[in-house]
Structure formats: C-alpha cells, structure tokens
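Worksheet: the structure to be examined is printed underneath.
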Amino acid sequence: MPAEVLLAARAITVRFGGLVAVDRVDLEVRHGELVGLIGPNGAGKTTFFHALSGVLEPDEGRLLVGGEDLTGRAPHVFASHGVARTFQTPRVFREMTAEQNVRFGLEFAGRTRAHAHHAFDDAGTILGVLGLEAAAEVPAGALTPARQRLLEIGMALGARPRVLLLDEIAAGLTHAEIDGAAQLIRRVRDELGVAVIWIEHAVRMLMSHVERVAVLHQGRKIADGDPRAVARDPGVIEAYLGEEGEPVREAA
Amino acid sequence: MKTTREQLLATLACGVVLAAAPWLLSDFLLALALSCLMYAALALSWAMFCGPTNYLSLATSAFFGLGAYVTAWSLGTLPYGAAVLAGGLAGSAFAALIGAGVLHLRGAYFAVITFGLGELALHSITYTEKTYFHTAGRIIGDPPENAVIYWTVLALALAAAATAILVRSSRLGTALRGIGSDEERAQTLGVATRRVKVLAFSASAFFPGALGAAMAVRWTYIEPLSVFNPFIGFQTVLIAMLGGAQTLLGPIVSAVFFTLVSEFLRLRFPYVFLILLGLLLIVLILYLPGGLASLLQRRFWRAGAR
Amino acid sequence: MGFWLELAASGLITGGIYAVVAIGLNLQYGLMRIMNISHGEFLMLGAYLTWLAHTTFGVNPFALMPLVALALFALGLVVYRLCFQRIARTAPAVEVIEARSLLVGFGLMFLVQNAVYLAWGADLRGYSYLVEPVEIAGARFQANRLAVFGFAVAASLALLALLRWTMLGKAVRAMMQSPAGAQLVGIDTRTLHPVVFGAGLALAGVAGGLLSMVYEISPSMGEPYTVTALIVITLGGLGSALGSLLGGFILGLVEAFGMHFTSPSLKMVLSYGVLVAVLLARPKGLFSR
C-alpha cells in the first residue's frame, strides 16, 4: 500500500510581472519520503518553497496538504496543517533566546497539532537533538550563522510538522556538521514519518543522503526520481553545464 | 519581581495605597496625582501593543477624544461609570474598525495614517457638532466629585497595568513579540498575525477611550480641539518611549517624572515648555531611542557578563 | 462661465503652492526616507521672514524670495546636521529611519511653532501687496494671486528641469533609485543629502513667502500644508517630482470644487479624508510603478 500523500503541488505557477519564476510544477511528497530539490541558480526553488508554505500565493495551480486544498490561504494555515520550513538566510527571532525560538513553534502551530508527535515535545529535547543545549539561553541574534541555521530547523520542528521544507541548510556547516544534520533529518523521518523536501546547492552531498531528487530549471521541473538516474539525465546535465557541470556527473 | 502573580499582587498593593490619596492630599496635589495616573495608564496601554510589535501608533488622541465625546453626549442619561465603560468600548470598536484596514502598513506610513485618522475624527466631530447640533462645544454640567474621578482613573490605571502584565506573560504577548521581530516568520510558525494584531490593538484602545470618558468631566466645557488634541498622542508616545516601551515599570516611572516636570514647566513658561518638550523629544530619539530602560539594560548585561 | 474659471483658477493657485511644498518634501522623503512632519513649519518661517523684511524695510516681496530661499537653505543644512544625520547613520533599517525621523520631526514642529508664538504672539499678521484686480477672459483675479501662481509654476518647472537635465539633478535621481549604486558610481551622498534637505526647506520657505503676500499669517499656518504635502506625495508617487506637480494641482482643484459643493468648514475633513483614503488604497502612491 503506497504511503499517504502529505503534500501535493499541482501545476503551480508563480509570476513576478513578466517573469515566470515557477512554471507549472507538479510535486507529490508522501509520508516518510526524503526528497532533494536541486537546480541551477535562479531555477525557482526558493520561490517554489514560498508557494508550498503559503508565503506566496501561486498565480495558478493547487496546493493540497493532507488532502485538503489550501491554495491561497495564509501561511499560518499551512503551518497549522503541518507544513514547516526554514529560510535560505536564517530567520530567527533575534532578541529571543534559542529556547524561546524553538518554543515559539510549539506554542503556535505545534499546539494545534498537539498529538501529532511525542518524541519532540519540548524545546529542551529539540535543542538537545540539534546539539544546541548549551546555547539555550543565548539570544538567537548572537549565534553564529551556522548555529542559527540549526536553530531554524529546531523552530520548524517545534511546529510539529508533517512536511519539513529545508532551504539550503548546509551552507556554512562543516562536513561533520552536515553529516550530523543529515542524520538528524533521517531520524526525524524514520521516527516521526515526517516527509522532507530539501533544497541544496551542494548537489553532491545532497544526492548521497536522499532517496529521490527533483530538478528545477528556469521554473520548470525537468526531472524527478532516483538520484543516480537523474544524475545521468542529459537534460539535467545540460542545465548544470551552464553552471557547474561537475557535481552532477560525479554523483553518478 | 519575576512571576506574574508577584507583579499582579504588587499592582494591587500599590492600588490600595494610592486609593487613600483623596483623604491625604490637597486638591492641587490630587490633581497632579490624577495626571500622573492618567499618563501612566495611557503609556502602559500604548506600550502593550506598540512595545512588542514596534508599531508607532498616534491614534491615542483619537480614542481619547472619542471617549470624551461619549461622556459629553451621554452624561445625564448614563451614570458616570457606565459612560466610562462605554467610552472604553467606543475606543476598542474604533480601533477594531481601523485596525482591520491599517495594520498592514508599517513604520512611518502607519504613524501618519493613525495621526491622520485622529485629525479626521477631530474635524468630523467639529463639523457634525456645528452642522447638526449647532454647537461648538458642550457644557458638562453636574460632574461627579473629585474623589470619584480619582478612583475611577486609578481603577483604569490598575486595570491597564494588570492587562499589560497578563498580556506580557501570555501566548498573545509571545505572538506580538514574534510579530515585532519577524512577522512573516511568525506566520510560518502558526501565528494568525492579522487577527492577533487587530485583537491586541483593539484591546489596548479600550484604556485611552475609557480615560477620555473619565477625564471629560474635569473640563466644564469641552470642544473637539481640546479633547482630540494630538498633543496627548505625542506625549503618550514620548513617555512610553522615554521609559522603554518594552518594559512594565518604564512607562509608569516615566509618566510620573514627566507629569511632574511638565506641570511645573507649564505653569511657569507655557510656550517655552513646549519648546523644551520638542527639544527633549529630539534629543531622546537621537541619543536614546530605546528609552531609559535601554540604559539600565546595558548596565545589567555588563554586570552579568562578569 | 467666469465664475467657474475663477473657482478653477483659485484651485490651481493653491495647487501650485501645494506642488512646491510637496516637491520639497518628496525630495527629502524619497531620497533619505526622512519623514519631516515639520516641513510646514518652515513654510511658516518663510512667511514670517518675508513679512518681517517687507514691513521693516519695505522691500518688494518678490525680490525677497531669493533671500528667503538662501536663509531657509542654510537653516536646512543646520537642521539636517543636528537632527537627521545621526538617524541616517545609526538606524538599523529603513523603517527605523522613517519612524525616528517622524518623531524628530514632531519635536521640531513643537519647537519651531512655539518659538514663533513666543516671538510674535498668536495673532494673525499680514500685509497688502498687489491687491489690484486683473481681468482675464471675463474673470477677475487679484494681481498678487496671479503673481504667486506664476512664481510657483515657474519654480516647479525650473526644479523639474534641474532634476532632469543637470548633472546635479541626475545625481539626485540616481540616489533616489539606488543609494548603493549611486555611491559606487562616485556620487557623494554625504554632501548631497544635506544639500537636498536644505533645498527642500528652501522650497517650503519660498512657498511660505509667496503665501504671505496673499493670506494672513499665523504660527499655526504650517501644519495643514504638511498634511497636504503628504497627500500630494502619496497621490503623485514617492520620488516623482512630476507626480508632485500634477498631484498638487489636482488636489487644489479637488479642494476648490469640493468646498464649493459642500461647505468650507469641511475643508479639513476633506483633506484628512483624502489622506486616509489614499494611504489605504495605494500606500505606494497612485502614479508609482
């Protein structure tokens, strides 16, 4: 029996004036899936995330979370239906402590989803899992950008999501830290069944951690499937040859 | 004084002590105490919403004036207490009405539009009074006793303090702080920001409305210009910012200090007083935008770091 | 026919003043995000200066205009240096610059208005100049109003020409569109900011001087003009001098006809009503992109 579809994007289109940033993209994510989202600069990945989390209303298309149509609703509705995200540049509440930041998610979106998970029930546990217990009382603005990225994951977890949208969390982290983050994400997926969509620029690293990868290029989805197959896809290689070229081929 | 319960008890204790004033103070000092309480209440209720969210609201004069006119129009038909309550509700209703429309604006735009709404209310009521009631002002006949007015304002000040304390430690307060820090982020974590803002803005507007209704009886003759005076709004903002809009004690201490100083100056040098006020405002914004409270905070941080 | 022409003309005349004041405020806000709510007070200062010089030395008020402009320009440099420069340097975000400069502006408003109250009292002052009527196309106008109108239009057009065709003007426009970009190209924003601020105040002062020829002056005359300037900028779009010019005239006409069809005492209700409505509908201005 196939796992439940938690998040379905159907023909999502986002336009900025004359520019089409996201062009009829379809994406389905099921319970427990770990999906990578890659593409050259300007491919529309972050804009797509904005649509998936309700921050931007798509000009066309439908968004279904847990089977319910949330197209055009405000971001907090998406959050209370279990879509949580991080941002490309970490957006934490700078004046609040790390612990307060994580607790924020628990007090709002997390509260409406009270019995979704018990594993990460309080801010302390979440901070511990992220390795940030020592920084619990530190104002978030005083943390290094790398730790702020981790804190953002904690904030998103506090919202007790069904679907976690991670936007380039590896930037600025050491290899060990990235491995740690990847393990954390795996754990979140394994124990809680959370589906994860993960945008990453460091394609090689991403490919080794996910089981499925989707590729955006100039707003359109040009590939979606097993990482190795995607890496060999000529369309994907061509899209990247304009940029880096190497990372995709090496992963194959 | 860390826990909410302790803060509330302290407020109550102060209230009991202050309630004795009508029997202990001369008329002049009682009037002074009344002013202090009024501005403390105004500053506290302003800071309740604008402190955590960093909005700059100049609508206080509008709420105050509306409340005053509720009294002016209803005295005779409604008992004093009911008029005060009605004034508060009028303030909240007006705030809810405009809030829905203006709270998506920020920064100076929001300030200008709240200022504009206050002036619009002023000129609309002036026009209505002149055209439909054929009067420029109204006489408040048969006001309640000074002691009653004092106790009413005291009750409002205590209520403002209690509400501020409760909001701060509640989920609403957390939501407001999140909105002030990064509104979009707060939304993605589940805060229904529009609803929260209108609710808090409306709740905080109850107090200037009620205070306007309560204080109207101190004038024997009121006209729109005296109660819709934008100066009330500026002074509230100034006091709250001077004391530190994110703290509880800041606005209270600042209100007392300010009222005493300005009463003294106003009596001696009416125009110079306003010049000094302008100067004070400028110096404050330029050199101490976080208010006095930020000075203290810096001291504590440095002490704690050792 | 003559009556409607007179009504339209009086609307255009006030509109011309609105345009001059608005362009000044637009330069300040569009360039530096300084919400100078005390702008109208400097108009009032220009009016008092003109009145003082004219009644003391008997000089032709029009001849005084350059002097008033110079005086207010110098004052603008000082005010910028003392009050606004620090905000631009220390504020962490644009919103904060706006909010703080707004509050400083209020402080200035109290300061300037009450300094004038102290110096000359609250009574209305005035003088007569060029009050003989002139007839054009069957309508009669006071000569001074025509002269004021002509001067206002000339000043506005000169300013627009300056902005469009001179190096200085282009530098200012560049700064308005992209402060960082302008600096990269070598435009000295640190010198230009106070200059633009001073120019804004100079315009307000000249507008005030012109007004003193037609109306009586009082310390509180400035505030309504600040409000109308805000309306005009919002109507015409931030950073668009042409928008302010057109917006000023439109607002003048709206007010003239509105007051005629309703009642003069509704003037302030109309002004603030329009301000609120415009801010609600299009916070970025009607002509903005």
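Descriptive notes on the structure:
A, B and C are the chain letters, set down in written order, and residue numbers restart from 1 in every chain.
Here is the rule we use: contacts are C-beta pairs under 8 Å (C-beta built on N, C-alpha and C of every residue); 3 or more make two chains touch, one makes a residue touch a chain.
Predicted model, so just to flag it, every value in this text is computed and none were measured.
Chain pair with the most C-beta contact pairs: B-C. Ranked by distance of CA centroids from subunit B, the top chain is A. Centroid to centroid, with C-alpha atoms defining each point, subunit B and subunit C lie 32 Å apart. With centres taken as mean Cα positions, subunit C sits 51 Å from subunit A. For this pair, subunit A with subunit B, the centres built from the Cα atoms lie 44 Å apart. Subunit B makes touch with subunit A in their complex at residues 171, 174-175, 177-178, 181-182, 184-194. Those residues of subunit C that touch subunit B in the complex are listed here as 33, 35, 37, 83, 86-87, 94-96, 98-104, 106-115, 117-118, 227, 230, 263, 265-266, 268-269, 272-273, 275-276, 279-280, 283. Residues 53-55, 74-76, 78-80, 84-85, 87, 91-96, 100, 104-105, 107-112, 155-156, 158-159 of subunit A are the ones touching subunit B in the complex. Contacts from subunit B toward subunit C in the complex involve residues 56, 101-102, 105-109, 111-113, 116-117, 119-120, 123-124, 126-127, 130-131, 234, 237, 241, 271-272, 274-275, 277-282, 285-286, 289.
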